[in-house]
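Note that subunit A is present in both complexes that follow, paired respectively with subunit B and with subunit C.
== the complex of A and B ==
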């Protein structure tokens, strides 16, 4: 038990040191990278590791006779969660969202310290001690609080009231509702019934099961399936179209959406909204191929208002590409990210 | 020791011949430690990677790399012709960022996986990418194993003219960066460096102020494509910055080993280690910093400076100075505005040579003034009159075209650099005209507004003109507004040592108090703003330009009195609350005792 707790304590100390280093900029915040697409899970498991570490620390301190008051455990853990959210998560979470998490974690800590009568007594004892101020030390502490609290609250309200030039927060809908049909190069496509004409098997029939077998494999790197190289001279049908789509992608799209389709292209840093990250399980993996077709063909300017058409630099690709080229690029995007397009049924 | 300084600028054929000569010359020299430039030591060639690793790397290459670097690694993939710099041609074994002496192959060892060890140059390049080019960092995308595998494939199969394991022809003279102690960036060291860059003729290419404007037209790489000297003020664009742009060691390394395939030589044998540190410290000191002289915050997702989308304008009493060095301007903080190519509508600008601008703003009771500064290696003013009217946006018929997707090396965008007709450098910004009527977050489109909500555009061109336009859509020619033009003022426009400084003043409103024709600036409101920039030597004109995202400008109000009063009241209230609580507690306790 003790050994296990020691390991926990070690992890806790290491994690804390790392976080403190990140706060003061000594340790680069990307030392342990947040892996794209797995961020929520990673954050939760990191927090779990921290909790285990703190449990170990507290146990060790207890067995060495240096028990940590329950009151400070609660306060510090809450402060820790706040620091973690502010300094660990990137891109930064806006204050309003952090405040929400702050309330939730406060409630959680409160429930923890008031789980039973004994714990609750332990928790509030330090507060009562200061309030009653029976010793000289507690008297001094009480005087300090009496002066500090009004100053802090006054200062805080001054800071919030002072006119600021912070960036206004604007919430944009990333996947707005699509229209029933869209007209591209004179032809009308009904989104519910249209199909990618290049998602075909060797007989030339629409066949998603066939193409699904040839897309790149999931997992780190997302590499092509063995023996499914679109650059193979003998590649034909689906794989040949994938290559053609890739050629179009790397002549037109990678400037923003990036060489790895993760939205980190050459020009991406300058734009807001940032280009879509196709490797994120929340983008094309959640959408039908025809939805993508509509978005690609009509671009940013074709978005409904909730999608901020005025700000998006996504070109209406019907101005640059033929319909066939658009379908091929979409084929390539699904191939390269290893996702299946969602189907209507 | 002149062998390490010889630099190959001529045709690839001549280059290869010279290279062979070099290598044979250096082979003779090995063994005499005294012959090595200071800070270098002789290294061993790394072992050849095993065949299964090469085979695995092929799979990585044909998933990720082939699209730019091409089937044979000749840097001619489908994406190549619209890129500048072009993707690397691996065939010759010429690699820019190395720890090895000039002309030598870079370090690559399939056994060495520690990032930043300084023992595996190619691994570090793939890991961190080459900022300022289209090569992204592959860390977090490919595993370490996969990165090593793909390099095993590239170094053995696609590097064709040289062999990483050939002891007869290849040597490794390795910069011992791990063991050399860096010199502190003291004032003295930086001062010495400032003198050294003149003595060593660095300024001939990099320019007097280090903005890469010294020899902006004539530099060519080994393949005959125009290239430009690094701008020392944008260290985040240094190819060798390894995602750590303010780290002086990267500059020391590049300066010591040179950049193969380019006119940048190695200064290792003509410059002592101490002097190299002095120069590196000086170059590092030039990189843009914040008001306190601290490095700018770098966004880890983009490896560029962090962006704040608000351009605040501070109030001043009386006349606004036209001198950027004036105290009122120096006091006002500047904002970094990122610029990307206009890639939405034809003609798209795949290579924008202006990738950021710096903006400051002040206002008084009559006007608001914008001070805009940006780096441009070339001052461009069109010779003679331009064939189109200043209001014309659709200038494709006059030869302002976008790069065709596939033209081969000769017709590529890289070959076109510095061969364009020269137009005017220019800067412009737009505001919505009736922003008061548009509820946030709605805005007129970033590209010259739209038919419903028009944009108020001010455009300055390097021929000295400052014009006011109304924009009604991305494909609509501008409407000129002479009556307003009399009211806007060009306070300053100057190109000096690779940097434009332009100061533009405009009235806070039109003649009347309404806002039907001109943007009216109301204090304390967020007003959407978009910037546009044209580099005349990049063939930029019309829609072929650089463009920013939506920013907000805000005239900062003077702080109202309530801001001081209310918090004081709140604080007093809290004191009363405390008193009440303590009394209550005391009474309760008394009650208990009794």
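== the complex of A and C ==
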């Protein structure tokens, strides 16, 4: 048990030192890389390792008779989580989300330190001491709080009330609800039931299971499935349409959406937000093909009211592409990213 | 033949009369259905000699039916369709509706608790415990009775509000539901009658066979209550996903189609579970309030026990609630993709984040209460030092569960993030991760319950070591399976991903059922480290119960608002347009304030109901007081 805790403590110390190094810019923030695609589990795993490390540290300190006060354990653990979120995770997390996480971690720390009566007494003792202990130190602390608290409140009020030239926060709806149907080149498409006419098997019938087998592998490699190269001259049917969609994509879309469909094209950074990243599991992977069809055909200008603020420069492609071309380009996007369009069956 | 037999005979007759009352509306309705279906054809024959029957196509079932009603009115923004009273009519209706729903839920849930608790008392072999259960059930129904009158008053106010503020809409809706309106009214009469006999017959029917008759009455009461709720649900189901009418909103003669809409069944299930969880929360809060204001140890012991039972009942319905919600949302998406996206990805997405936060609060409060409750058992210390790991698991699940897909940020933050999608948050913001998050939370809650149930006990079965290792491994692999399925969800088609929730839920429920069962077997004849010291629990635990109830109330208000506002500018989705000046979606802030106002009003009024209940208790005769459970020696069992 002791050996296990010692290893835990070592990990805890190393982790802390690295994080402190990152905060002060001594240790490069990519020393332990957060790998795209694996980041979400990596972050949770790192936090778990830290918790194990801190447990080990606490255990060792207790064994050596140098127990760390519970009050400071709680306060510092909460501060650690905030530092981790701010300095470890890249790209930076917006403040609104960090504030949510901050409140949750605060509640979690409270639940931990007050889970039983003994711990709760230990935790609140320093607070009670500040309020009513009669030692010189505590009297001085009280006086300091008496001066500091109003100053802090005043400072906070001042900062809040001060006119700001910062851009206001926006609650931009990423996926506004689509209409029930959309009319493109004179034909009405019901979004709930329409299908991509080019997602077909060798017999020319709509077959998503068939096309699913031919898309590229997800993950960093993005390898093509065996014998499923759309650029093979012999490619027919679905794969041929993917190739045609690819050609349309590279003639029209890649300037903004990028060669890798990750929203980082040549012109991407002229816009804010940059164009949609199709490789992210939160974009086309979440949507029906008909939703993409509607968005491509109608562009930013066709966004409904709830899409406010309409921060999208996506052109209404129905003015430039035929219906068939739009379907084919969508086919290519799903093939390239390795995602499957959403279905409800 | 004596007075006992005569009483039995009278009781059976009373029960039969009640069942007859229950069946009467159904019998009455059968000719009504038949005559309604045939009426237009007959009318048409009479008028024109040659049968001139107009047929229409059902908007949902796609079947043909004879047009049997007028089209949905095309309202205009005028005094006639939307009378004005210098106040936003929608807000008034919102308030009346919400208060009626709160009380309705409460009075439908509490009799179900009474039925369960009374049954536990009847089958209990321990006489003292049986008496405690019986008294508890009686306490519950006493609170419910005052609330019942208030529900009826609020129902009247609601109808009056509808008639006054939205006459055209109400006329149309009541026209559509005309074939079952009288059933609704008769059910209400049957419910009232049964409830009063049930309550006032408590003392007269407290022994032997009569007690079983009394218990059967609670079953009848709950059947009537549930049918009432299903009928009320058919109204909102129709407004969200209309069926049984053609495109113009004309009734096609099949009332079953009107009732059995795409969302009716998921709504029914969700509401039953929701009402039960809510009812448990309110009673637990009542007990917590009485605990905190108690003057004696006996009182504290009684209300501590009452709070625990109410919480346990409420939470047992809370655990399956997210799965019922998931089914409802799945049906919403299947019905209209547009509606689903408006709810979870679009306009109302932020309200769903608030809802996720509320769900998290519910589970956190429950766990916290259980950890505090470990403190009143000797021998539970061994579990307390591991609580921090449960906190970690709960927090990770909670953080993932509340991560928004649509993030509030400044354009500068958006730029710094390098696009709308964050590589970490983006993954947490979608359903696959959230399913993992909530299942981790629920599994951890199950684990807390298991710890609580074995808190003061040491298993004495010969295979206890193996049993403990097996349980540990079971939970470990359950967590592993839930997390792996959540990750796997990113690599498969969406329709398969949706199906992944089934093995995840199955994993969580396996923990619940198998581990509870195994734990019970292991703890049979276990060595007790000490009794449960009812009343010796921290005040924080009681605040956790109050928090639980408040979060339930707030979440009910929120979800009601979300469900209602997803129709956007429709009274009846895609059939009858809302042309009032208030047919816009409120801001998140306004909605939150309105929900808070509703919650505040409900709690103030229910405090009044509690006060009335306490007033009656004070006047109880001395001998009745002697039977108050807290005054009896606390039994060793209890959970």
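Keep in mind that, in the parts below, the second predicted complex is superposed on the first by the 288 of 345 C-alpha atoms of A that agree within 3 Å, B and C clash if a C-alpha of one lies under 4 Å from a C-alpha of the other, contacts with A are read in each partner's own complex, and residues count from 1 in each chain.
Convention: contacts are C-beta pairs under 8 Å (C-beta built on N, C-alpha and C of every residue); 3 or more make two chains touch, one makes a residue touch a chain.
Treat the numbers as computed from the prediction; the structure is a model and nothing was measured.
Look at A:153: by the touch rule set out above, it reaches subunit B but stays clear of subunit C. Legend: residue contacts after superposition of the two complexes on their common chain; A:96 is shown touching subunit C, with no touch to subunit B.
Look at A:236: by the touch rule set out above, it reaches neither subunit B nor subunit C. In the superposition on chain A, contact of A:108 is made with subunit C only, not with subunit B. In the superposed model, A:343 makes contact with subunit C only, not with subunit B.
Of the two partner chains placed by superposition, only subunit B is touched by A:313; subunit C is not.
Contacts of A:272 after superposition on the shared chain: both subunit B and subunit C are touched.
Once the two complexes are laid over each other on the shared chain, residue contacts for A:191 go to subunit C alone; subunit B is not touched.
Touch criterion met: A:178 reaches subunit C, while subunit B stays clear of it. Touching of subunit A by both subunit B and subunit C, each in its own complex, is seen for residues 36, 91, 166-168, 170, 172, 264, 272.
Across the complex, subunit A meets subunit C through its residues 34, 36-37, 39-41, 43-44, 47-48, 51, 55, 89, 91-97, 100-101, 104-105, 107-108, 111-112, 114-117, 120, 166-180, 191-192, 208, 212, 218, 263-264, 272-277, 280-283, 285-286, 288, 291, 306, 340-345. On the subunit B side of its complex with subunit A, the touching residues are 59-60, 62-64, 66-68, 71, 77-79, 81-82, 133-136, 138-143, 146, 299-304, 307-310, 312, 338-346, 348, 350, 352, 355, 405-406, 440-446, 450, 524, 526, 547-550, 552, 554, 556-557, 559-560, 562-564, 566-568, 570-572, 574-575, 578, 581-582, 585, 589. Remark: subunit C residues 333-334, 336-339, 341-342, 345-347, 349-350, 357, 360, 364, 367-368, 371-372, 374-375, 381, 384, 387-389, 391-392, 394-396, 398-400, 402-430, 432-433, 483, 487, 490-495, 538, 540, 574, 585, 588 touch subunit A in the complex.
Interface residues of subunit A, counted against subunit B in their complex, comprise 29-30, 33, 35-36, 90-91, 131-132, 146, 149-151, 153-155, 157-158, 161-163, 165-168, 170, 172, 216, 220-224, 226, 229-231, 246-252, 254-256, 258-260, 262, 264-272, 299-301, 305, 308-311, 313-316, 319-320, 336.
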